[in-house]
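Please find the structures below.
First subunit A sits with subunit B, and in the next complex the same chain sits with subunit C.
On to the complex of A and B.
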């Protein structure tokens, strides 16, 4: 069961899961050359400021209805870590019109599914239902945007649930513990250093007053994006949205989402976790680099292609040279967390094979990076990486939920429809020199953060 | 022969909710299954759909990891890792470059009972992609370098998990439920068994499983029925007619055991296995509805309501039917703070006992029926891959192209007494329980 599954986008440092994020490499846009008038995407605003995107897809009688709020873990007040995610859980506790459990019961009786996601940058709620239930879903979502009712008892019980969620996702898993503390080391000032689930001691103190203050501040139509994808048309969505969300009063204008920025980083840092459950050591090396929304033109595209060429799959340099040819590593790769609002991580990682030592893997990964910075990339490998990215956008059109996520995640972070539709052209425009340049500019070994996940010092028990 | 199956839903009976917002919506989409046979006699189900310029094919051969010979555990899993590592005239490097240039994604995998393959391709590069899939199906090379590399990756992953208490728990669980049956073995094998596997073993396994007689195929996307038939012959007509499968015996899980894996974790995990019934059993749909009511994906399910919503004991608890071709069980699983494990176990046992004694309420049964009927098209048709999975799954179980309609009728026919009877029969059996977490008394 994935109820209230927190998709933690803050960092992609986990060693065997290089991208937990909505990685930009999976990002797509509608293939304009194949789009028909019927499948065209509509984008408009309601009078109260709520942004709306409609992505028609008439292949199956299904619709995905999502409401995205422009608030995430990185927007929390100091000392209140975890409130954005905890509040997401509380949004299921019912209103005066629709008491606790009714939304879930109605969606289940339709055979639909529902869930929610909290990341550093946004909170999103969604239901997947038959198209004729869209009006009902809008009625529920509009109602709970302003009408939530919380009691101390409900809040206390749900706090136990999120603490159990933390136990499950982080505290029982050495890799997750290391990932959390790697973020806290990599970011010296930006709130991406704080886990979306929250630090345990702060989660334990979150209460109804905190939750209601957070709700009042952030949950309003002019701080939300509605995304509807599936077997519907834009006119119907507009009519239904005006009759539900459109009735809500606009909230106060929120200040721009400017988070504390990273200072200049000057040092190489190393963190190590030893745990008896670990029997194959591994490492990651990370830097803070610009994201798509914070980069100078072309730099994020170049970083994305750099991650793909260096370590994006079984055709990458790290896999072919360090895993296939020399057999030093069992796994090695690279990951770029480019989809967030603010600069985020670029990471390299690896683990040894057989009797090889972790230091050999590190040396081999460093040598690949140094070679790329020195000699650049070939036109052939750049063209192959570009083709993979461009076709990923065609494949993405196959699932309406994928399309809804791509548009929602871009717009809620302040991006535009053009950021998505023009992405293939911007990818095609990247030169080998640009890829080499971003590698040289950002992946400076003297300021990297290296994380080690190791067996106990005296060998495994 | 073509029997169209329509997934059309009547307007949901939700008049009381948001009735003022209810508008007349345009005609809904539909998905039509076609039953096709190629000139050479290969059968498949097809969904033609030109909205997105891609084609997805998925296929399954009967026979999976449970077929691995004794001492060669991991053979089928290793085989499935090698289909994009060289085929026909192309070695690993040349094959992967050709596949990348063809713009196609190819995948192979195996469950205990079947071996699967799939390809997702751009419609305008189909002629480039299909010959590569054909080579992988007919002529995988099993060169020594890729065999050694993939073997080493499996061995590294086995080593990496060796000190994790979850690994020990998984082994104990399989052994306790299935004894010496192949379902108790680890599908990825052991370091010892992997080290005995040769290229000849892989070729023999490929030869034994990849045959036309126990093949099922689903095709979805921008392709006509005639082109799909031609593709079927290209891909599969050259395979041998009959596979050479090792019979796998049926096995009844050994219930009533109490197992523990002690480890100082922040949470205790609890697993409970009860008996269940196979697809085709007269009690199948009553059991499905009972499981939904007990621990389905809804806050309304009895376990989620009592354990999570009311008491905050867990983030997640579920009950599900675990169906292999030759064994069935009903699994309850959850995780809770170590100090609250006894309380959690007690609550679960009380919920199970209550359902066994009194059955569901009429409202619960009606809700569960609506969910099971409504969710099928939503979860099975959400993408080309999901549809292709459904096409293959229905054929493998021999359910017929009209199954989705019949399934709704079979679910509607279940009575409250039917569910009460299966709850009484299945949930009064003493389950096998495993707890993983800190030793008791710590």
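On to the complex of A and C.
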């Protein structure tokens, strides 16, 4: 369901890497449950400022090697939207030592996989390979961190690629178009309002000068986090990292990542897109709420549990009452995008079943929210939601790349390893009153932003 | 009526100077009608890059002395909203040669007046004084262009003044609050979305460092336009300007004023504010359309005439049909904000009469627009609108400060004197087909942005 929301609102959407979408869209921030796993994680810095996290996982002979840069779409200069994601593409274009295509060929020949992703908050590159290829991967990543070779022709041809990506993902998809304009309305000041892929007219103008300026500013060891998870120990990673990344010069210090904050919001807003490709109407209702990294203690955890209880899947109130019991909705739920650096969206959504009107679904969803704000949640449903959350961590540990993602996404956004390891305890400490309080405080109908995706109107307009 | 719209949408609003509001909100760009007046205008540059316009006007022994800087709210860095307007206030704080308050005292003792204004596009300072005080005014303005003295205390206390100004003008006025959030919704990318006064939380952070950086960057003769209108000749102005402004060193070249442009808009949006202080509901419906300085030839002129015919005062279609004939509306009209650098708003608005619903007014206004798009305008009403426009120029010439404003606002935004002098001919050349065409092209209901200012709902929400 979080994925669904991210599609609608189009925020911090993992653009190229389906598995990474988890780190972006799920606000569940699983952590190691056992003391063993927790203490096994190593965290240190190279002399040039590069941060390193090692997550041993010896179940299979693979390693996940990731380099995260502390720059994303929300760090772009005005008028240069899309440069962070465009630059991610350019990073595959080769260096003097490793020409375009060589990294792909090497990883493929090892039976591994590689990809990259750009969100509002970060840009990440990763390879999954056998452990004995780790040094080779570090060599490639360290090399392209400073040694990228870009020509005007290459930049121009890759610009066509990202424009085509925009055609496919956004312009050809009414839900994505609505998502972009919803973000541009929901956020009145914060750059989460601007699409990570970029506005088309600005993407069309991005050039080699922009790319090189971006590269010089952001691609340096002191702006990067290395995450290695897998069948490897910390000492080996340290030795290999010092021999590759460690040889790069520290870049200029970057200023703190201060983003323009939202003003107080005072109005109720709607965004409507009618499109012939839409057959079933739907709506989503959103508010800007604190993220884990920007919230007062306990509020993000309470918002996460609120989303779970109100609309997190088949056991939730919305699903049980509005979909199953009354049959008004074909789908209804809630989502909280809590994993980003800055305050982000909390949303409710729904679509009608059969002959029911969208307005009935909207009224039913509103009524569930109003009931929760009025009467709160029960200890039983809260305990059940907490148990699901804590279980999700155990599952998360099972996927090496997911664990690596969780750590990378947290550190690259300015969080700490403790934010992850202590998360289960903070979830367990949330009270029913706290859940009710965040709902009442943040989900104020008079400042809600509602998106409607509708079939064409009959007749005019 | 343009003033009314500017109040609603809050764009490029003259903040401190009622008479300057004309240059901002009226899209009518009057020009000298006679060859005599036209040829009498002098336009030249000082060696340090300062642009000078002299408009002789010998009807009375006064001169209007204005200095315009090519910087406004839309040029501010992200997170620094309000700095242009805040800096305008700081410009009155005194220099080493002329302490705080001396300029006010001198102008008052001469029986003159002074003020300043900040819009999205420019910042302007002016004095109206007897001609023999012109040299003194130039001395003051040239002195504070580079010699301002700012302390932390002074900046902090003036920050309280602009915060109080925001309280009064925006936060205490539901229409202004709605106007701010309408601009933030109507513009998805362009900085006209950000209030000139600034978002409160950003204003609170503005400090001496921000102010000095802004001063160094923007306050220099090569970023300024001097306009002198009145009982003076060009040679005298040149001599005085060279002796004062001419002694200032040219500042560093400024980059072109490129503002992030709007993406294609695809959605219909609404913004609703309910407030207990509202008794009569009202709405405005807006679109982003080209301004004079950004439009294809003839389109801005056609938009101006469209606004005039559809909703420009008591003779307009909206007023005659929706207010007078059917009595549905207490007020209804149209406005075009065409005088800004970049594309800006075209709006329709209305409020119900007696027991009529706002929805009736909206439907009636929509019907008038649809009729105009379908059937066009008559030659007779177009000729009548043109005549009113051309007449407005004659009236404009009557007020010395208005004429000075028209020239300053045009040149500071990158326009030319010919833009002004040839405007009557361009207005006369507009055809009925062109008026119909811009209405059809730009006023698309599926991407309209509608603001509702409403009394509190009965009962909940």
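The rule is simple: the second predicted complex is superposed on the first by the 420 of 461 C-alpha atoms of A that agree within 3 Å, B and C clash if a C-alpha of one lies under 4 Å from a C-alpha of the other, contacts with A are read in each partner's own complex, and residues count from 1 in each chain.
The rule is simple: contacts are C-beta pairs under 8 Å (C-beta built on N, C-alpha and C of every residue); 3 or more make two chains touch, one makes a residue touch a chain.
Because the structure is predicted, anything quoted here is derived from the model rather than measured.
J.: Now for A:202: first (subunit B), second (subunit C), both, or neither, which partner does it touch?
T.: second
J.: Using the touch definition from the top, say if A:253 reaches subunit B (first), subunit C (second), both or neither.
T.: Neither partner.
J.: According to the stated criteria, A:271 is in contact with first (subunit B), second (subunit C), both, or neither; which is it?
T.: After superposition on chain A, A:271 lies in contact with subunit C alone.
J.: For the overlaid complexes, name the partner, subunit B or subunit C, with more touching residues on subunit A.
T.: Looking at subunit A, the partner in contact with more of its residues is B.
J.: Between subunit B (first) and subunit C (second), which, if any, makes contact with A:425: first, second, both or neither?
T.: neither
J.: Between subunit B (first) and subunit C (second), which does A:263 come into contact with in this model arrangement: first, second, both, or neither?
T.: second
J.: Per the contact definition in the header, classify A:184: touching subunit B only (first), subunit C only (second), both, or neither.
T.: second
J.: On subunit A, which stretch or stretches are contacted by subunit B in one complex as well as by subunit C in the other?
T.: Touching subunit B in the first complex and subunit C in the second, residues 460-461 of subunit A appear in both lists.
J.: Given the complex with subunit B, which residues does subunit A contribute to the contact?
T.: Those residues of subunit A that touch subunit B are 1-3, 31, 34, 39, 57-62, 92, 101, 104-106, 108-113, 128-136, 138-139, 156-165, 167-168, 171-172, 231-233, 236, 239-240, 243-244, 276-280, 314-315, 323-324, 327, 330-331, 351, 353-354, 384, 387-388, 391, 394-395, 397-402, 455, 460-461.
J.: Can you list the subunit C residues touching subunit A in their complex?
T.: Residue list for subunit C touching subunit A: 78-79, 81, 177-178, 181, 184-185, 188-189, 191, 193-194, 199-202, 258-261, 263-274, 370, 445-446, 460-461.
J.: For subunit B, which residues count as touching subunit A in their complex?
T.: Checking each residue of subunit B against subunit A gives 7-9, 11-12, 14, 17-18, 20-23, 25-26, 28-31, 49, 51-54, 56, 84, 92, 96-97, 100-101, 103, 105, 120, 122, 145, 149, 152-153, 155-157, 159-165, 265-267, 296-300, 304, 308-318, 335-337, 367, 370-379, 381-385.
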